[in-house]
Amino acid sequence: MIDDDVGVAEEPVLREIETTGWEIKKRLSGDNIFKWMTFLFAFSVLAILLLMVVEMVEESLLSMDKFGWGFITGQDWDAVQESFGALPFIWGSVVTSILALLLATPLSVGTALFITEIVPKKAGGVVASLVELLAAIPSVIYGLWGVLVMAPWVQRSVGPFLIDHLGFLPFFKGPAYGVGILAAVFILMIMVVPIITSITKEVILAVPQSQREAAIALGATRWEMLRIAVLPYGKSGILGAVILGLGRAIGETMAVTMVIGNTPQIFTSLLAPGYTMPSVIANEFAEASSNLHSAALMEIGLILLVVTLIINSLARLLIWSVTRGERGGNVI
Amino acid sequence: MTVLAWRKGKSAGMTLLMALFTLAVLIPLVLIFIHIIKMGFSSINLDFFLQIPKPTGETGGGMANGLAGSAILITLASLLGIPVGIFGAIYLTEYGGGRFSDLIRFCADVLSGIPSIITGMVAYTLLVVPLKGFSALAGAFALSLIMIPIVLRTTEEQLKLVPGTLREASLALGIPLWRTTLKVTLRSALTGVITGILLSIARVAGETAPLLFTALGNQFWSRKLTEPIAAMPLQIFSFAISPYDDWHRLAWAGALVLVTIMFGLSLAARYFGRSRQSGN
Amino acid sequence: MNAKVQLENLNVHFGKNHAVKNATMDFSANSVTAIIGPSGCGKSTVLRSLNRMHDLTPGSKVSGRVSLDGMDIYDRGIDPVAIRRRVGMVFQKPNPFPAMSIHDNVIAGYKLNGRVNRAEADEIVESSLKRVALWDEVKDRLRANAMELSGGQQQRLCIARTIAVKPEVILMDEPASALDPLSTLKIEELIEELKEKYTIIIVTHNMQQAARVSDITAFFYLGELIESGETKKIFTNPEKRQTEDYITGRFG
């Protein structure tokens, strides 16, 4: 019942019909409209994801039909002959990412341990913020620095050094171009460290204090305590962090494109130029010369999408299983 | 040396190693910043903000069109990304619970992990092909797809922090749920939500890959939203990989400006959130 | 059918938990009814059924009949929002809106629904605050933030907010349990005054309080209404053994 003697300016929401004087009927209320509107927006997230997958598959069909599974093993990438094979790019993505992770993981875990276990909280917080700063730098700026500063340095210093001392190995055969796999690995390593570090930090913080105390009570040194109590406990979480880093590395586009040398080949030397999946898409997609070319690039994108989805899901599972109950799953 | 001394030494050695690793991690950060500031600072002048790039060979010029283009793209992207993120989050916290909400949350997480170049490819398929051309609209759409999961998750987190007693107080007064949600719950979470939005804007400001085949980039000013448009990250990219020193110079300047804007936004977001919280 | 509010076979389920079982009782107009019982006996659940707050709890199921002036409030055509304008609620922990001034808090029931005429609003604020004996204490600082008030003042503010929308029934869920004894006393005095105009139903775990303020007392145990009747009788000569055990403190 609206109280009329109050004289309030509006009662816009309630729509009332008085029948016997006491019934109040509900009509198309604001609540219903609002509920449906918010539902649609929430649902659109699912719709977008599905749409993305569907579009990627649909646009790749031309290429999938033509090359079949041979696309993954084919080494040709010839727009003129219309012969496309993705192996050089898959090879490039896999090699650069794995090498970057091999280098980044000890650095990240060491840093995470250092800032959580060794230095006082405040200093650790400052370093953690700085590491987060690294994560915030856009990929294109890493690329800028990479192509104008780091790659020349690799060409001038690191390359010749490796060739002189390790040139007998096939991995370090010259010449040193500067841009190439090594530069890409360095850049990826720098870009992936912040992610692994921050998640590892959370994982380490989630290790119960009782574990540490048990080791110390047995007379362990600090390193032994970390090795026996902390690291094994956080093992799967750290593994999850590394795998997440792998996912990021594989999907990394701009920085890699700017330093990798853009040569589709199955390289063995780290000093040689190469190509990754995102890089070839970035370079060629806007000007793809034919429908088949576009479809082939789309198919590479599809492979990239599937690989990233699998890797990220695996990573999340591992991380969730360790930090569940402590922090919840939203550390990423 | 006794065993104990050896073990202690090893522990100290490992500590030193970890310190060195931390240093190794921080060194690139310092190097990159030094370079950006050193190389970019000298090229910052009024021209940079007012002029478009000069043709190759000519000195001078600026990235005015890129600045304007980025601003336009971000504004357009926000028009789609912010409402979808906020209202989607409202559904999850106020009406949801249960399988469907978990599914949506999962989808948002998955979306945020997809490489942004794929987002660009999808936007290309959906907007560039049918409209028969690269456009600011397509670029903004791609960026909004990146914004949505971020805004959704941060808004959801903030809404969850609002105590249930506040909602109850409003509902018990006979305020309908939708007004309660907007005027009480969302109002209460507003500073946190804005922080999340600012952070998502800072993030998309630096995105390049999704714009490569949507907005495409433009040497000149764009007149229509259905034309290709310049953006800061795109310009930095093309200048950096060009062989011209002058354009390299501009790229560094652009990097300095971009980084300054992004960090400015992030800092503003964090201090905005923190100061309001302590005031309450 | 003189009762203002009636329960007929009220059952409330939360999933598999049968929280309230077949409660049937009347609440007379302009009276104070106290619902007492040990923790977990369902008293808050019963209270919240009276203003359809359970609508917002997923998995809850309310069956039976709850009548307001003879009309079933759970009828399909009824808008719960309209019910809550007529049946107000005061909560255990005072919950003024933290971002609003004292003035705006009192008028919140109108303001959140749309714009308010300034003069009318000021009038409502003054009369509501006077009714809860808070006016003199805050009249000079109506624009101050509501959180600056003490706990007892905040609770009286919440009561003022509730009566500002002119309900007919006021539900109170342990309104004084978070307050100091002096504030509690003030609240109890207030309840005594409010019953002239409103029908008050109060849940309390404090038996002495129930004895002091209420006309009727209902005793619940494990979801069932064990006994209800005149307060004097319940506390001096209860009919059921369980009631007696509870009153005399044999269980908690």
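For clarity, chains are labelled A, B and C in written order, and residue numbers in each chain start from 1.
We adopt the following convention: contacts are C-beta pairs under 8 Å (C-beta built on N, C-alpha and C of every residue); 3 or more make two chains touch, one makes a residue touch a chain.
A quick note: this is a predicted structure, and the numbers were derived from the prediction, not measured.
Asks: Measuring between Cα centroids, what's the chain most distant from chain C?
Replies: That would be chain A.
Asks: Any idea which chain sits dead centre by C-alpha averages?
Replies: The most central chain here turns out to be B.
Asks: Which chain pair shows the largest tally of C-beta contacts?
Replies: A-B
Asks: Quick one: report the Å distance separating chain A from chain B, using the average Cα coordinate of each chain.
Replies: That gives a centre separation of 15 Å.
Asks: For chain B and chain C, let me know how many angstrom lie between their CA-based centres, rounded off.
Replies: Here the centre of chain C sits 48 Å away from the centre of chain B.
Asks: Could you give the separation in Å between the centres of chain A and chain C, each centre being the mean of its C-alpha atoms?
Replies: Inter-chain centre distance comes to 53 Å.
Asks: Mind pulling the residue numbers of chain C that touch at least two other chains?
Replies: 81-82, 85-86, 113
Asks: Tell me, which residues of chain B touch at least two other chains?
Replies: 176-177, 179
Asks: Can you tell me which residues of chain A touch two or more of the remaining chains?
Replies: Chain A, residues with two or more chain partners: 13, 29, 31.
Asks: State the interface residues of chain C toward chain B in the complex, per the touch definition above.
Replies: Residues 51, 53, 56, 58, 81-86, 88-89, 91, 93, 95-99, 108-109, 112-113, 158, 161-162, 165 of chain C touch chain B in their complex.
Asks: Which residues of chain B touch chain A in the complex?
Replies: 7-8, 10-11, 14-15, 17-22, 24-26, 28-29, 31-32, 35-36, 83-84, 87-92, 94-96, 100-101, 103-104, 107-119, 121-122, 124-126, 134, 145, 148-149, 152-153, 157, 176-179, 181, 202, 205-209, 212-213, 216, 233, 236-237, 240-241, 248, 251-252, 255, 258-259, 262-263, 266
Asks: For chain B, which residues are in contact with chain C within the complex?
Replies: Residues in contact with chain C: 97-98, 163, 165-177, 179-180, 183-184, 187-188, 280.
Asks: Under the touch definition given earlier, write down the residues of chain A that touch chain B in their complex.
Replies: Checking each residue of chain A against chain B gives 13, 29-31, 33-35, 37-39, 41-46, 48-49, 51-52, 55-56, 59, 106-108, 110-111, 113-115, 118, 127, 130-131, 133-134, 136-145, 147-149, 190, 193, 197, 221-224, 226, 247, 250-254, 258, 278, 281-282, 285-286, 298, 301, 304-305, 308-309, 312-313, 316, 329-330, 332.
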